[in-house]
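Per-chain numbering from 1; labels A, B, C, D and E assigned in written order.
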């Protein structure tokens, strides 16, 4: 019963927060809503005994990704509300479609399925090892290839982000390490014959 | 054991190493020249290609706990992808340009992603391969970062791509829920294959895959990103990723979900058919050359999907034949456009082609080949591509689809011919002088265009090749 | 007792909200990007729920990778956004229509 | 082997000229002329080797091409295709010879296009594999498209796109039909198609698919409207080739594909075909009467004359009581002869118009008058060709038409009556043009100053005139070339129809 | 030997003509004269030899020369048939042609198209010979059309004259209408017999007679009648029978020599020749014969009347020609082919004479053709006057002249006929005799007698090359009938070529000698009517011309009707020809341009473009639209999946 109460409470908050994300006019509010949604999600995941992921979600998402979002919002200074023309024209269709998709999925889960209703919630506590350890073990044995690929994806993200945003500003004095290393005395010092009487 | 595993994935490893080396070179070598980066990339791509050929000899094997599979199908697709990538790189060689070196690096990532997709045999690996590809494609499209068009198109592509991958993942999650496994082998054996849940999952995944192909109604990113990005980027995203998408659909749908092929084939079929219609229709009214080619690509992909939806080995091999021939054509066309586009004038409108036959006679002539090939006029390969697809359609009692296909080809002919018309029938008011500068890039583009005719005169090898690959693929599993 | 369906339904609702949000948004791109995060949350929800109810760890592993990729994706997305903003001085959805037929 | 040479030597020379001919217009001219003459020589050699008393294919050549689909590189000629090949090899040197009468940009490309076109046209006529046939058939569009588009008149873009799309639309349906036939037989060989046992519905659909392709090429009413535009805009050489050879492919296709593959459908739909042919003859003849542009007039007259070809091919089926192999022979011989003859005459007329256009730069009839005064030699030839066009006995124009009329009289009096109105209508529009252009007082002072034909213009015309006359006075050699094959075809079709 | 002779006779004008055409300009007038006249002379001489030979032996030569076309069981040949009919036609043709050749030397002296003209008339002679010498229908058609073309070229000889090229086009088109009919007639015969050889066809004529030609399922006619009427249609075109006569008067736009050669003596009689040649067929169909008779008689009368109001010297003669052709055709209609041919022969001589004499007048008056500006030329042009008089007398059938014999026999034959329409025909031809005399002498009086016109001072007699042919033609015009009337009309001269009822039965009269015939003729009204006609002319044009200067007369309906030639020309030109062009224009603009091109072809393109323009808005550039499209796709996929599976399970 307690679980149900927790679930429904957090579920409601999650839904409200999600709605907040899409409905707030100020992007900062939206971002904060999203943070709320992430935290709530983390709570719900704890219910499902995915402790590690719940923590990762909060740490990585809230702590890193959402901060990035907020940082960008602040940096670009885009908190004001923009035009909303045409909202009414397309919104009903979009909302209708959203409802249709939700209805389709819910119908799938509740009406048709034997598969989804047949499963019972079983506590993980019967297992002797904790979630994080299990995940770690799996990750570095069975899923090593995926792990490597994920590494490459992160590398890719770094490269793309840098190549898109790194700017070498003109008229700004800064150190260029490679130039310094490559410096050669012969190019630096120019021997000049000063003729007498010219100066 | 370990060595065997590494040995099997040597091509991928080569690309990975190449990525690292290029990163190092690019950041450590002072003012690393484009030529150097190019040579490195080319060397590694060729080496990977060589290794792929070598690994054709390897016996089929499942490695990494079945997450990765080495078989003839995957290796052959890798070979095709690598060849395409090499050609794309070759056509990007330009003496003077402001393209940043990073684009070649990111292209390497994308190629790696495609290669992973070719061999991935687990939904997680598939997902990661797909994301490697997708994320690099965002980077490629955005690589011309100082251009409004490029960043805008990248932004759109990014948003749509994110939606698509979320939709795909949603499908994967349901699939996982239904079958309890992520392994493609095990999915095949699931007892619930024929359930509604499964179909819903497949429908979700189909959306993701169709998005990768760039077919209607998940095509919206194609025109914008073809037009917005620079030509080098457009060549890449119009060619190599399609192979990844093909690998994906083949492994996931054709192989693992073959049991419900009568279901997903209809989704693919409708997407294909609508792509042919919508793509060609909208292409009719385009003035920007790359945008027009984008819509034409949608139309071509429609044929690929239409033929794929036949599901049987003949149909799929026709689909693959079409894909290969499409790749050749599209690389050729973009390469030619690239070689006439000046740096400050990347966005070529049809009107800019006026008098091309006089200023660049050879390029114009080859572009003429390409256009007729795209129309589907023999003896160019475009014709064989269409013909083989039509043959399979007729053979499988889908004659109405064949008729729609040919009718749309006729409509398509109009806008392809418009290119020829502008090049040959209109005169440029300004300068009519022969600017036929022959550089490496032109030579490459001309070489590729000449392939249109040469393969067209004797298309048997390609036809037999795809047929062999597909039948081996479908028989093994 | 909470059934699997409850979780799935919640996830479906979040998915729909995310997807609707993308379409009805007329503000700026960044909110659209947040909506895609919502979509991913719903997917993750599914995986974790299945994983829990089927006692299979693969789902959680998958979520782990989704989180990784999502972070990378967000980084790239924001980078593109910044680049776009530099060029266009706007990230309004409505301004993003230079490329069209 | 000789067919191979005839197809590929002009194509290869053409491609080479394209690449290297840029600054050597004169040399390219002579090279291309020599090549086409060489091909003509080869066709003459083939003629000397051709056995007129032998049923079936000669000079056959077969090699695998796309083995998976059982497609062969299969060439050969018989009495139907050989005359048309001769026509092709005969007309092309003439066209090339006159290529330099007017200034053209990039002459080497012009010449190369014609050479390539020649090879492909010979390919169409000699291909015995349906796939190969289709490849040649479609590939031919490219040089023609280029010829009209680059060297055409003011409105060339519209004309050339229209030409291309029309013919392309027509032929894609043929492709579907060919594929269908392949799937039914497992082979692309035309002769395998002949033996196919198709149901009534299949036959009709296949017939219609083929018909669409051929009808556009012939062109039959109502899919003829590309022709006037294409002719008007095309350069002289293009018009000549178009009228002389390209249009014949439709008729050839009907004889090669439609009749033997779908005899029952040909029989069943003969009413439609005859009706369309009669419309072409009368309606288009009337339309030609009201033209003020010479090329348009001749173009419409082409449509009307080609109406006799289709009439000849299909008329016999209309009346089963009187149908006989003999009558069929007469009818399709008429159709064949009409094709050859129309090739010569309309080609010559377009050359004539070209000669005038080069001087006055107008195709409008109203801009002319009294050409006979300043160009008597030319006027004589032009009047001769005009009279041949009006089916004057003793010229080739008469032979085909009279045979078709004779054959149709056996079928139905009214059809014969309607078709023979061409004697009046044809004479009316052709001679009306002659009256306004060649005769009469000089109204346009430009005409006062023009010179008569130069040898380069005169020689082709006189050769054509000789051929027209020779065929009219003594058509028997030509007939002998075709007879066995046509008879064979008639028998095949009659068996197929069940007569 | 005859074969070789006839071949040479046939080909020598051709060679002459071709040489003159190609080398004439180069080698000069003398060369042209020599080759063409030599060609025709050879031809004439051989014709005489052949005629004499055949007169002696009566052996018919029927020989194929080569196979024109051979389609399986059916062959078309080119061949020669020499019988009495052919032989006499050859003589007439080559003789008149020779005369015209000679005449032309003087007549066309200063014309820039001198060699062209000679080449044309030589080629014409060849064409005409090949027509008459043919042994099959196809070759007949060759010659038939070839003479038509030469006539076309010759009428338009002065091609800068608008009226000339209008006339030649008209002539060709009208002739083509006839040819259309002819080819259909030939086709019917071919479709039944399967051969086009005369003898093959004639031997199976019964076969044709028994065949029915189905014009529809319910309506059939005798194939023979249909074929004969269609064949006669051809003759109507060439021989200018009503209503296809309109081209002949206009053809006078051509030079006078060809009016004499083609439009009086030879080509226009081809129709009569055709009727005679086809007599074995016509004899089997009285319907066809009646048709021929009525058309012929009408032409004889009504075109003659038109001659009364013409003021152009050549046109008067042209209408007279029309009328005389009507006589010949009418005679054929009553099966009196031999009489018809006889009249053909005499008419060829005297009409050629009249034309050439008229030409002589025209030359003398420096190409003045209006008879109102002539008068009193009798003294200035004595030879012309005399020969013209002979011609005129022959034309009206003055006793003793050749025209008398032929015309009298002809009228007699018609009078004795009893087929449908013979009464009408008899009346027509009798009135025709009066009309003929009236217009002939109207012309004669107006030109040679009456008040002298001041316009022409330096009028002098034409040169020898002109007068010589006049004289040479005047002789046969006067006397040729005397020796020939017996064998040709009453004898068995044409027995080997014409199938007609016994000559005696036509007339109900026993022929003894020409003189006897002359005497006998005085018992018929013909002579008196003719003389009455001459007198009337004298009264109206010499004695009291004031009768005609009547305002009322000029405004009367009849006068207008005649002046407008019964409105045939108006109907043809303003109604038929114009309508045809209008319809063509309409078909073009509405059918081709509007419907097919603009509506179907361009319309389709336009509509596709329209649709494309409408579809393209889905790519609006706004990301929410793109996203919406994706979601819509997803929703549809899902919905379809659920519905499909849900329903099926």
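Just so we're on the same page, a residue touches a chain if its C-beta (ideal position, glycine included) is under 8 Å from a C-beta of that chain, and two chains touch if they have at least 3 such contacts.
Computed from a prediction, not measured in an experiment: that's the story for all the values here.
Looking at chain A and chain D, the chains in contact with each of them are B, E. Chains that count as touching both chain C and chain E, per the definition above, are A, B.
Chain centre most remote from that of chain D: A (centre = mean of CA atoms). Chains joined by the most contact pairs: A-C. Of all chains shown, the one whose average CA position lies nearest the global CA mean is D.
Between the CA-based centres of chain B and chain D the separation comes to 43 Å, rounded to the whole angstrom.
Note on chain placement: the centre of chain B and the centre of chain E lie 77 Å apart, centres being C-alpha means.
One inter-chain figure worth recording: chain D and chain E are separated by 36 Å, centre to centre, where each centre is the mean of the chain's CA atoms. Inter-chain spacing, taken between the CA centroids of chain C and chain D, is 65 Å. Multi-chain contact residues of chain A, defined as those touching 2 or more other chains: 90, 93-94, 97-98, 101, 104-105, 108, 112-113, 116, 143, 146, 150, 153, 156-157, 160, 164.
Counting only residues that touch two or more partner chains, chain B has 124, 128, 131, 135, 138-139, 142, 145, 155-156, 159, 163, 167, 177, 196, 200, 223-224, 282, 285, 414. Within chain C, residues 8, 15, 18-19, 22-26, 29, 32-33, 49, 54, 58, 61, 65, 69, 72-73, 76, 79-81, 83, 93-94, 96, 98-101 each touch two or more of the remaining chains. Contact between chains, using the touch rule, shows up for A-B, A-C, A-E, B-C, B-D, B-E, C-E, D-E. Those residues of chain C that touch chain A in the complex are listed here as 1-10, 12-21, 23-28, 30-31, 33-35, 37-38, 41, 44-45, 48-49, 51-55, 57-58, 60-61, 63-65, 67-76, 78-83, 85, 91-94. Every residue of chain A that touches chain C in the complex is listed here, in rising order: 3-4, 7, 11, 14-15, 18-19, 21-22, 25, 27, 30-31, 34, 37-38, 41, 44-45, 47-50, 52-53, 56-57, 60-61, 64-65, 68-69, 72-73, 75-76, 78, 81-87, 90-91, 93-95, 97-99, 101-102, 105-106, 109-110, 113, 116-117, 119-122, 124, 131, 134-135, 138-139, 143, 146, 150, 153-154, 156-158, 160-162, 164-165. Listed in rising order, the residues of chain B touching chain A in the complex are 16, 19, 23, 28-30, 64-65, 67-68, 100, 102, 105-106, 109, 112, 116, 124-125, 128-129, 131-132, 135-136, 138-139, 142-143, 145, 177-178, 192, 195-197, 200. Those residues of chain E that touch chain D in the complex are listed here as 21, 66-74, 138, 141-142, 144-146, 149, 152-153, 156, 159-160, 162, 165-166, 168-169, 172-173, 176-177, 179-180, 183-184, 186-188, 190-191, 194, 213-215, 226, 580-585, 587-588, 591-592, 596-597, 600-601, 605.
Across the complex, chain B meets chain C through its residues 123-124, 127-128, 131, 135, 138-139, 142, 145-149, 151-156, 158-159, 162-163, 166-167, 169-170, 172-174, 176-177, 180-182, 223-224, 227-228, 282, 285-286, 291.
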